[in-house]
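Look at the two complexes coming up: chain A is in both, with chain B in one and chain C in the other.
Coming up: the complex of A and B.
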């Protein structure tokens, strides 16, 4: 947690210099968050809310939340390979599709549910490993150029293997029903399943990207030559990141079947793959919170635009993606920090007598471009 | 035998379309070092311009010429107002920007002209000519011919003119080019414009076959990228040859390999890539990039 301490320190120094009350209160809040018991209480509160929430919300809200959970996990997987390891992947939805199909097929064959879950994780991971072994050999943007083929090959492939996939009609499987005697409705139970599995995946991924592997990913992302000069093989870590992303994609596919209970070749279409990437960038690259925001974006924006005019959805997503890239390259997850920066800068302008010791408040693109940099260090 | 030749000629024609798109991608990549995933989307937009103009009663050839001018301007504007800001930075971010542009164009076309398939007038007749007992379609021959001519013109521009020399200078080393007094920004706009024009030619030629939709060239883009990987980013000729190989192979595989068939032929270039990447990672014709640390 090196960044939070440095950022709170710099906020404090900025506040003493500019004399702005706003930023000093922000600094106090940040230092309060440093205390272990405050953190523990915060997490407990969040946990309590998550436990109670499904019980009090309507069915529609519960289903929407469960969908957000599903796609948050999918975006998180994309984030591992793209946000943390810096390899553009256009095929993440393919692994979600594979996971969903494996789940649906396993359930239809009445296999043990644990076995189905393991297979739904493992098969996409193996597929991802094979793709990455070839694609990562070419440097630069080769992974992007190869993975774009996954959804485009995946859709006809799913139609072709109709013995296993049900062809164009797809497969449906209802297998997560609330246990009798629990007094829960199906939608509540499904949301709990998503929360538990998704929560574990988020926790494990957070540990992964903040540990040794996360640091290696960040170096590979930053400069491959530096990485290899430090004994970190870019090839190996790219393959690893891609495989982990595929595995997480498989988990999201399993959850997809839990919540949506139906999959067809359309699930892994090229359009959906692009939307998932847009959601990740808009939510925030290389950010755990950004993955959740991205999942929410993926689910909520089409839901909102469909009420007005369904044909405008894609256009709107393109516009929002470009605007975010221009204005907020770190995505929605970097919004609070961008706001405090902006406030600090205006505070510094007001107190013009004070020497400008705030770290180089260059206007416009300069500071915005630094945003992902700090974020990355924070997780390293 | 007759069927085989027919398949090869048809494959050559679709291969030419992929080749044109791939060449446009290489053109942009040489100048700016990024991959433009919106190259196909921009070309589709040009095809829609032709479609709108012909619906207004303009002759097809005039509409195509107007659309080519439109693509040059559009490509230049995209470079100036969208890409320039991201060109110096992280290439991954720039790639995401082009994906945003693709989404924007697809969404715009779908919103304005719906996602339905539109009939598109063909530049060539649908007849077949018989040659030594083998019948091949005029459209395939014409498509190949037009794209080859376009590529030769482009080659002539790059090799034989002062503008071409300047464009090559910018591609090789933008900083040195700027020091020698070249207007790098303007030249990048020209490069993007030329690439967009090439894409527009490809889109107009393939649109009658595929029928016009906002996502018409998504598959072609995948083929073009496959050609770029196979040919190597540093070799324009290699890319075009790779595109022809892909076009011919996928046509033959669709007919002669029962499991692949017409629906799965898009997998052919990627099986090819898989093999090539494991054996020759720099592509069939590309140079190995040696980096000094």
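Coming up: the complex of A and C.
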């Protein structure tokens, strides 16, 4: 992996070419962010907000935030396999469903909750591994074709295995209640559980995609032949990305049961997989912040459109989706970038800042090599 | 430039906080936690002049048709009542009824979100369609003590008072329908051979369970063959062929999928097997099922119903039907003739709720549930003779009585005997 740092820089700037064009202007904000005390203070502030938020918000806001957390994790999993490793997956909802069913079944059998959590992560991961071992061999879009089958198989499977899944009536599991004496309401406690588990998953995933594996994913996404020539097995990394995505899907399934407390075959319906995919694209592919924005989109837009007119929700959602894709093709995560670009463009019209606007689309420009993180992540 | 970016950030923060306020505004201004209200104090969603009801139901997606009906009927009913000045409640106050309906797209997760959003604002939830979408927030409704009243699902759990103290289903459970037909056969006095074909899930099982319980002691009924199919199957030709070989006089076909029923009717004709058919209420539509299936070739097609069909010429001058169709157009935001029976059912939900409102002594959810569970022998508008609302029987939905009907070539007629 000695060559990987330079090569990742080149693939990054090739894949997200908007990044290198504004790296100099974004650098101003970034340089402030680079100072350790600013960074530490920023994280502490975020942490403090997350700790205090559940205590001051209304029940409905807490529940909404918890739901956003659940689907952010699901979108994050999809981002690992699609955004970072470039493999189209239409089956993410299946792994969420498996995680949810494992959790519901485990709770109904009164297994230890830690064991339930581990199983809810492992079983989807194993299922994902088995599928990926076969699908990744086919290459190209075949993995998309195979993953389409997952929710299509999942729904009748959940109905058929009614001894374990409750059939079409589904399974309820109320198991995350605020501990006695904590003084917390259930919705606050559930939000904390989602924040802690989701936060850990986000941190681990962030480390994964920023490290050696993330660079390998990016090369596999950019060009499999180049990856092979550098000793990176596209097959292995595709399987790995898919398995990680399935595992994260399982975690989101566990959280789904924490928050929604009910699962049925409808949970796994194919349409939700497409909605997750749309949420990922709208949030921002290959972006950690984009996953959260995608989760927020998945949860908030139906609520918003319901407020406008409950009888045309799907229509309005389609309009919003198209508008976002037209205005921000890079997803909501690219909004700050788009804003700085717009500002610079207006500056250029006044003739004051012409030089920085020249796009340096040459691969491997100096800033890109130094800042692969900001390149890929935006300003998390 | 630095100042410029700071002001831009300030704008960003302002926008973000405005969004946050907007979002939290949806939740109402109190924290909305359950169990805070003092004993006897009015429950949320009810004032001295108004009461509000919440509905979460599919208004988009493949079940949007019936889902839209579940909102339209009850909205039309209370729209007409509000226009007359409102409803006099059991506590002597006259209130108008407001309805807040949200779309869940038949997604349990969204149904739960809608419930979370509505529960602080509405007095009771009602009329929503779907088994998974109602199950998704059943536990939460029990924990929050929010009525989930007169919902549209054949799932028996909602009618079990012990398991579901704050719930009550409206439409007959699957067992009721199967049982009604079984009783008709058992009382016919004829020796009949019955073949059973059912969907291999709780839907099919419910119908078969009801049917078998009705024919259990009857010596004249012999079940000669019993097969199942999967809800995902695209053909039941093999099952029909095998059942035809049994030479049964009657086929009890508990099938929820319209295309499969049509192909089953056609396949039996190809095999020149002409039994009488029983079809569930939701797959027995004359226009969508029986005509394409060539049902006139069979000696009899039987189904069950409890609502008058507004499209039927027999009810064209019916007082209930005329009032209903007018209100649906004027108040229900439903200008077309109703395409699904759910519109009629939802109208009856409105009438049943009115009964409960008239009998509740206090403006509380407790009092409402008590009144709701005490309606007996109520003949709601649009109900067929021989059926009524009875909420006093544990384990039964509000409407558990259905009448068997026979296809007459255009629509259905109620029959007393099996011919």
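Quick note on the criterion: the second predicted complex is superposed on the first by the 303 of 380 C-alpha atoms of A that agree within 3 Å, B and C clash if a C-alpha of one lies under 4 Å from a C-alpha of the other, contacts with A are read in each partner's own complex, and residues count from 1 in each chain.
Definition applied: a residue touches a chain if its C-beta (ideal position, glycine included) is under 8 Å from a C-beta of that chain, and two chains touch if they have at least 3 such contacts.
Treat the numbers as computed from the prediction; the structure is a model and nothing was measured.
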Partner chain in contact with A:303 - chain B first, chain C second, else both or neither | second
Thinking of the overlay built on chain A, is A:270 touched by chain B (first), by chain C (second), by both, or by neither?
-> first
After superposition on the shared chain, which partner residues are touched by A:321: those of chain B (first), chain C (second), both, or neither?
-> first
Is A:109 touching the first partner chain B, the second partner chain C, both, or neither of them?
-> neither
Identify the partner contact of A:262: answer first if only chain B is touched, second if only chain C is, both if each is, neither if none is.
-> second
Given the touch rule stated above, what does A:160 touch, chain B (first), chain C (second), both, or neither?
-> both
Just chain B (first), just chain C (second), both, or neither: which does A:311 touch?
-> both
Could you say whether A:58 touches chain B, chain C, both of them, or neither, answering first, second, both or neither?
-> second
Shared contact residues on chain A for chain B and chain C?
-> 156, 159-160, 271, 311-314
Within the complex, which stretch of chain A touches chain B?
-> 82, 86-88, 90, 133-135, 137-142, 144-146, 148-149, 152-153, 156-157, 159-160, 225-226, 229, 270-271, 274-275, 277-278, 281, 311-319, 321-322, 325-326, 329, 365, 369
Chain A touches which residues of chain B in the complex?
-> 34-35, 37, 82, 85-86, 89-93, 95-97, 99-108, 110-111, 114-115, 215, 218-219, 221-222, 225-226, 228-229, 261, 263-264, 266-267, 269-270, 273-274, 277-278, 281-283, 289, 291, 293
Residues on chain C engaged by chain A in the complex (per definition of touch) | 4-5, 8, 23-24, 26-28, 30-33, 59-61, 68, 101-103, 105-110, 112-114, 116-117, 120, 131-133, 135-140, 143, 155, 157, 200-203, 230-232, 333
Chain A residues within the chain C interface of the complex = 28-29, 57-61, 63-64, 67, 156, 159-160, 162, 167-170, 172, 174, 185-186, 256, 260-267, 269, 271-272, 299-300, 302-303, 305-307, 310-314, 339, 343
